Amino acid sequence: MKKPKILIIMGSDSDLPVMEEAAKVLDGFAVPYVMTIASAHRTPARTEALVKDAERSGVNVIIAGAGMAAHLPGVVASHTTLPVIGVPIDASSLNGLDALLSIVQMPPGIPVATVSLGKSGAKNAAILAVQIMALKDKALAKKLLGHRAKMQEEVEDKARRLKRKS
Amino acid sequence: MKKPKILIIMGSDSDLPVMEEAAKVLDGFAVPYVMTIASAHRTPARTEALVKDAERSGVNVIIAGAGMAAHLPGVVASHTTLPVIGVPIDASSLNGLDALLSIVQMPPGIPVATVSLGKSGAKNAAILAVQIMALKDKALAKKLLGHRAKMQEEVEDKARRLKRKS
Amino acid sequence: MKKPKILIIMGSDSDLPVMEEAAKVLDGFAVPYVMTIASAHRTPARTEALVKDAERSGVNVIIAGAGMAAHLPGVVASHTTLPVIGVPIDASSLNGLDALLSIVQMPPGIPVATVSLGKSGAKNAAILAVQIMALKDKALAKKLLGHRAKMQEEVEDKARRLKRKS
Amino acid sequence: MKKPKILIIMGSDSDLPVMEEAAKVLDGFAVPYVMTIASAHRTPARTEALVKDAERSGVNVIIAGAGMAAHLPGVVASHTTLPVIGVPIDASSLNGLDALLSIVQMPPGIPVATVSLGKSGAKNAAILAVQIMALKDKALAKKLLGHRAKMQEEVEDKARRLKRKS
Amino acid sequence: MKKPKILIIMGSDSDLPVMEEAAKVLDGFAVPYVMTIASAHRTPARTEALVKDAERSGVNVIIAGAGMAAHLPGVVASHTTLPVIGVPIDASSLNGLDALLSIVQMPPGIPVATVSLGKSGAKNAAILAVQIMALKDKALAKKLLGHRAKMQEEVEDKARRLKRKS
Amino acid sequence: MKKPKILIIMGSDSDLPVMEEAAKVLDGFAVPYVMTIASAHRTPARTEALVKDAERSGVNVIIAGAGMAAHLPGVVASHTTLPVIGVPIDASSLNGLDALLSIVQMPPGIPVATVSLGKSGAKNAAILAVQIMALKDKALAKKLLGHRAKMQEEVEDKARRLKRKS
Amino acid sequence: MKKPKILIIMGSDSDLPVMEEAAKVLDGFAVPYVMTIASAHRTPARTEALVKDAERSGVNVIIAGAGMAAHLPGVVASHTTLPVIGVPIDASSLNGLDALLSIVQMPPGIPVATVSLGKSGAKNAAILAVQIMALKDKALAKKLLGHRAKMQEEVEDKARRLKRKS
Amino acid sequence: MKKPKILIIMGSDSDLPVMEEAAKVLDGFAVPYVMTIASAHRTPARTEALVKDAERSGVNVIIAGAGMAAHLPGVVASHTTLPVIGVPIDASSLNGLDALLSIVQMPPGIPVATVSLGKSGAKNAAILAVQIMALKDKALAKKLLGHRAKMQEEVEDKARRLKRKS
């Protein structure tokens, strides 16, 4: 078992169906990660400890997902200078607009790299983490090109199946 | 000088013109307070220390104001079981909707008592804090009645000056 | 049966599934309450009478929930200097944004302590009410610490069950 | 001086620049009105008394303007079965969306006839009030046709001045 | 069969489940009405003809409901000086915000009395129409008082059934 | 088989249920089209090639549908001076507001003709394309009049079935 | 003087600073147009007559700009099968969101080609109109390529002036 | 002069006052960059060429800023597997909500790391880029700690100056 390079952290176990999309992508790239729960509000000390541990153990990127007043990514970012990626989760009646603004509108000095809402965002968070790690890992950079080529083929495949001419 | 009963905390000195409306109201009620700056993201340790200090020194209510992804009130609330009042500040191009949602949409377990945006909210935060303290302070409760009577007179005064009949 | 310390009031019986989350939390803290219905618009006199009764009978905090143009919390606040907590309810096609803005954007002078939308908000309203009462009740303050410790354990428990390492 | 047929009521004297647009339109139609201030929150008793007085003194329509959590039109409507017209006023950083939703989203049973935001709305509130009164006043109905013809001529006049052909 | 006093008009038959709430209220007040379909965009001539007919046949108030870019109430208002009540219908993915703004934000000169979104709005449109007609019909005015008393009793009834004390 | 005059392009095969509404309308007008998939982000080269091919093969109008950060219509427009019609698709939790703003708010110089969200928009995109082509095709212009007459009859038919008089 | 090919129509003379951006673009392409005022609500008959005249006199495309509840483009489209381009104008406190939704969310059957808000939109409306006319005018198609090349050069020019290397 | 490690690209020279905040931050960290203009829509070929050049010349991170339908960051991301950071710019009447949604809501497969609106976002984009580069550059990682310490001191300094006790 390799040392985790990515920490995936979510505010509640109800966020798991969204956040495991990130884990699946990392599995596909064979990038080792650890995934856990910490609440910015109910367990602030646990959150800080997890982040400090991650820094010490060689984690490169932290992916944090949360809904409502989604403070987790920002709180994580306040405890580290590692890149933090925030995934807004649609967990209230406001369609995730609350989570999106709570994550993306970070004040100057402490950035959070925000991706799209929900499962699309969780996938993109993982790809972004891989892109960041690929800057110092040529094998990973090559895998990214393969991943993109595969997406391209999938689109072309679907296009062949759908193409309709009147 | 009396021991402060209210801690007013803001994310940045640019929030001062808004937050000093709260201080003025407390001055009017002769409720002792301390007002300072702490950033949830740039100074998380300082924020936690201020909150713990406030708890120990007998503060009753914490008023926290912030703009953008306004995490300060929620982060304060994560460190205390004192009532926390959040003032959303209009400090970005999104008209304060970002701050409002970041403050009010707290997940279950850790409430933040949210008031209106900007100066109106800062005033109301102070009145709400006084209302809370008045539950155990009859003199303060009486002052609140006087405050309300005064507001009523002001409305009636203005009505007399404005009244127009065609 | 103890004298109620909290009045829970809602605009319509359709709000009950949301507002009874507040009642459950108060049950958990053994804080006596009374829960009833009053409409700001259909029964303005009843609303005022309930509030005046609550003041006289020693109620400490009023929790008011409403949807759409949710005037109930503000109307309640206009009749008392007790702290009023407003719970916006998602009861129209606008996802509760109407209720949220109608409750939180109170003009200066008459605050309403607004919490998050729907069931999360009803829970938080009750916790906030307990936090306010705990300022003069050490046993309650201790229970709050226990409540928070329990939430923390629940998060850690869930984290243990979910933790996944690639 | 004729008995007022319209009561114009506003939440604060800061709303006067908007609401006097309604008065000007009524002056144009020679419809007698009275214009005053009452706050739904700071002076609930005064608000109720004004409405009851209006009913007794033969007022036909009440026009109420307010900003922020604009409860005034709804509170007025809760005290009368006269038609109530609500003018949302842009008086906060949220561009009047708060006032609009607080006025228009009335629950079933107690309608408020809502018009557009700000000065346009104040003008339209007065015209709507005249349209309502014209149902039992043929002279007024005739004036309305004249008013519309005049608007039409103004558009045509402006069209003549602007018309440009390349 | 009495001559209709209210014209209810909707943009599409898919709006019927909403708009028949207005018809039911009018039935309750025994106010004669006619209900039909006309599209502002697909049948502009029919819309104009219906409005002109309504004026001639003694209709007092026109209630128009529409969704999406809901132009019907405004187009109706452009052809008459009768009071026009607009019901925004939630008929697109934007939750009716499109219909609400398209109806309420009428430019100065041509008002539309806008009510709340959907079924609540349709009910309120009918009550508002009755309130307008009651200005010249004392029997109707009395019925309105009865209607309001009944609503009040219903709230009190529900309150008795729900009342819970811990 | 005639040479296609319209290219319908969508970002993903999940957009097909929406976009085939455009195809059905074109079938009704017997306007030849080709419908395919290309992603602005996953297959930028394919997108450009499709557009250049379309230009060469005599396509008159391109209809492009996409959801989320819907860049496809704008990217298509960047590669051609043919008229491009954009259909925003409701494919995220934000109700299509993201797609709508991403398509309609094109900077000066490169227009996209934006239509309504979802299936209504796809239908209208096709009608708009036919309206554009009808400028040089009198038979098509005549068909458009027939199409509009048919819509009118449908409304009148529905009106006859629904008409209700109390 | 050539026969106008484009009709530019606006709801009010206050829209002129926005809409003359469209005229300037058409001047640049030497496309003849006529620009005038008509209000959908204040002058519905004038609006219809202008549209019918335009059809008869050989106009190809109608550009209609309006703010608030911007019905003008939709009303114009209800009277013609010519392509109609709608320019939403930011003329109220709601930042033009009201105009945008009122124009773009047309129900199925009657499209309006909507462009971006304000001056950018007015420019793009004119370019879109030229793109439509260029389908049957090779000289115009060539001018469009020149226009695009010029925009490209301007970007490159600005890039040369701005380019900064640390 | 060192080889640039960051490419800063903006859609228009009007974005310079925002984007040079990113340049200043990079100057502070002595990270070499190049800053230029390219429009996703007016110069798609130039945009692609710049991105491909950047990849070849060893650029690590691309920062792209744009307003309105802000496609530039997404279009850049479609041409590279380097990490792309998007800065939404408030350049229209919609307060930047259009730019924010156009940048952050990228479909699955092609992430853009989105930061806050305007100057705060430009600063944070640069800090995020430095955080990414610091993963393979210990000196830079150390500078980041210094940068954060300095921000902390600034907050404490301001707190000392502001601290007020009643």
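By letter and in written order, the chains are A, B, C, D, E, F, G and H; residue numbering begins at 1 in each of them.
Basically, a contact is a pair of C-beta atoms (placed from the backbone, for glycine too) under 8 Å apart; a residue touches a chain by one contact, two chains touch by 3 or more.
The model shown is predicted, which means the values in this text are computed figures rather than measured ones.
The chains in contact with chain G and with chain H alike are F.
When the contact pairs of E-G are set against those of A-B, D-G or G-H, over half line up by residue number only for A-B. As a whole-number value, the distance joining the C-alpha centres of chain B and chain G reads 49 Å. Chain D and chain E have Cα centroids lying 19 Å from one another. In chain B, the positions touching at least two other chains are 12, 39, 42, 68-69, 92, 94-95, 97, 104-107, 109-110, 116-117, 120, 148, 151. Of all possible chain pairs, the ones that touch are A-B, A-C, A-F, A-H, B-C, B-D, B-H, C-D, C-E, D-E, D-G, E-F, E-G, F-G, F-H, G-H. Listing the residues of chain G that touch chain H in their complex gives 90, 95-97, 116-118, 120, 148, 151-152, 154-156, 158-159, 161-166. On the side of chain A, the complex with chain B involves touching residues 11-12, 39-42, 44, 48, 67-69, 71, 74-75, 77-79, 92, 94, 97-98, 101-107, 109-110. Touching chain F in their complex are the following residues of chain E: 1, 4, 12-13, 16, 23, 26-27, 31-39, 42-43, 46, 68-69, 92-95. Of all residues in chain B, only 60, 81-83, 85, 100, 104-117, 119-120, 123-125, 127-128, 131-136, 141, 144-145, 148, 151 touch chain C in the complex they form.
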